[in-house]
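Note that chain A is present in both complexes that follow, paired respectively with chain B and with chain C.
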Partner chain A sequence: MEITEKDVDGVAILSFSGSLDALTSPEATDYLEACISNGKNQIVADLAAVDFISSAGLRVVLTAMKQTRLAGGDFRLAALPDGVHKVIAMAGFTSILKIYDDAESASSSFRK
Partner chain B sequence: MVNSYKMTRAAELEALPIFRDFLDSVCKEHGIGSEFRYDLKLAMDEACTNIITHGYAGMNPGSIMMEVQFQPSHIRLSITDFGLAFEPVETAAPDVNALLEDRVASGFGLYFIYQTMDEVEYRTTVDCNMLTLVKRRHAPDAA
Partner chain C sequence: MPTSNPEHKRRVALVIGAGSIKCAAALGLQKSLYQAGISIDMVVGCSGGSLYAALIALGTETEEAERLTHALWTRELTKKRSISALLKTVAPRIFGFDENFGLIDDSLILSRLKAAYGEQTFTEARIPLYIVATDFETGEKVILEKGRLRDAIRASIAIPFIFKPWRFQDRLLMDGFMSDPLPVDVAIKEGADLIIALGFDSPYQTRIDSSPRFAFQVTTIMANHLLTSNFAFHNLAHHTEVIPVVPEFDRRIRAFDSDELHYIIEQGEKAMNEQIPYVQRLLGTQ
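Presenting the complex of A and B:
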């Protein structure tokens, strides 16, 4: 798994690639916790290049949502591949988080 | 045509992507579509994660043996381990109306196995534990 980051008008856009499973999720959690503790609480996760997510990856998403919202921000998802979307939907997460077609829409949603 | 494939790896988290790639590759050879392949990989990954983190907890990791069998009507995944028995009992559906602060991220692994597979069977003997997952290639009423 790889994470690349860019900041657009105060929104951190994190592009994930590879798999979010029990092997890689601790690294993703560490990365997100470091972001949030550095004051970045408006975060977009661009998942276009994520080929697999399991329940371990969902824990990363849930933790990031809770932590950013506690800090007054939010954690939003963009560009979900079909398989990733299915897992997010099966878990019922579509009702508690905001999902966008692409990272740009997700990023600009913070300015509305 | 060969319709059975096997892979054995040490029960470590590093084996997860290796098992998934193997499963994906043999399914592609048999013309299995992407959504179906994702379901199989998800169920297998969740089962193996449980074995690695719970079945072999506190001991040196033993092995996980995976066998994939292609039948005209279904695909059968058999996952054998030699650790502690950890039966994947079906769990309740998550409460999709729960507020964010009430959500917990545990229990989804077993839930996903039961959501994506048509049959889940767990047997344990003095030697090993074997989980058998079956996914039908067609809906029963369409067969």
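Presenting the complex of A and C:
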């Protein structure tokens, strides 16, 4: 898994690629925790290049959501491929997370 | 997959949730796992998934399972209305309405289950098998693991309003999807480490022109929401990994589209093939 980061008006846009699963979740968790502890609490996860998410990946998403909200921000998802979207929806996360078609819409949503 | 004990043998569970004919994709998953040399340590089935969970646990070859399904699961199953149910509905006091209510005559499904599974029991399963049903009287989820397979399956597919509940092991049982449409929790409880979960949202009716269709629609709405909430909880509760396998279908698959069986199995195999390298890495076999 690879994670690249860019900052758009104070919003951290993290682009993930590969699988978000039990093998990659420790790395993703570490990365997100470092972001949040560095004061970045408005985060967009661009999942356009993620091909699979498992239960471990869902736990990463949920933890990031809780931690950013506790810090007064939010963790929003963007550009979910169909297969990833199905799993996110089946786990009920679409009712508690904000999800956008692309990273730009997700980052601009923080300014509304 | 992180484990505190490297000697611990990781147990693989295949969980097949409700989904009518789509559950046949499980046969594709089994084929893919078998070809990759990955053994299944337990199978859990619910509703339509129980048909395939039983076949897989019995060690039925994919081709034979496909043939059995062709003979078992066709649209004719819901063609014959139950006259007594109609009479009970119109005049409940005269005809004695009771809990044994189902709009469809179940004699055909009973004879087909008998033809497919005969007198085989859970003890003949080569790998541990669990079938989920729902207690009609208490609403409890019931995990069936002993007795005659065709009784357990008949209970697990007792779609509310459509097929009457089924009395088995002193309990009146109905469709497992009413309590646990994708029973990942059963695999967690039985000690599975790696859970391969095949689950589907039930499709909504395209038209409501009969009481069975109306009943299907109502129960589908409830069961789909239950699937979501249960799956969310089970994903977060499990200590290791749940791998959702979601076959892609390029066309609508209806509950009794047995003509699509081969395609459904192929899509199941394809979806599982995509996850095989990951499963192998988790199991330390690659």
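Just so it is clear, the second predicted complex is superposed on the first by the 112 of 112 C-alpha atoms of A that agree within 3 Å, B and C clash if a C-alpha of one lies under 4 Å from a C-alpha of the other, contacts with A are read in each partner's own complex, and residues count from 1 in each chain.
Note that in this section contacts are C-beta pairs under 8 Å (C-beta built on N, C-alpha and C of every residue); 3 or more make two chains touch, one makes a residue touch a chain.
Remember, it's a predicted structure, so these values are computed and weren't measured experimentally.
Judged by the touch definition given at the top, the superposed model places A:K86 against both chain B and chain C. When the shared chain is aligned, chain B and chain C each come close enough to touch A:L62. In the superposition on chain A, contact is made by A:F52 with both chain B and chain C. Using the contact criterion defined above for the overlaid structures, shared-chain residue A:A71 touches neither chain B nor chain C, since it reaches no partner. By the touch criterion defined above, A:S19 reaches both chain B and chain C. Shared contact residues of chain A with chain B and chain C: 19, 21-23, 52, 54-56, 58-59, 62, 82-83, 86-87, 90-92.
Residues 1-2, 199, 201, 227-229, 231-232, 235-236, 238, 240-244, 246, 248, 274-275, 278, 281-282 of chain C are the ones that touch chain A when the two sit in their complex. Across the complex, chain A meets chain B through its residues 19, 21-23, 52, 54-56, 58-59, 62-63, 65-66, 69, 82-83, 86-87, 90-92, 95-96.
Of all residues in chain B, only 13-14, 16-17, 20, 34-35, 38, 41-42, 45-46, 49, 52-53, 94-101, 103, 105-106, 108-109, 111-112, 115 touch chain A in the complex they form. Taken in their complex, chain A has these residues touching chain C: 19, 21-23, 52, 54-56, 58-59, 62, 82-83, 86-87, 89-93.
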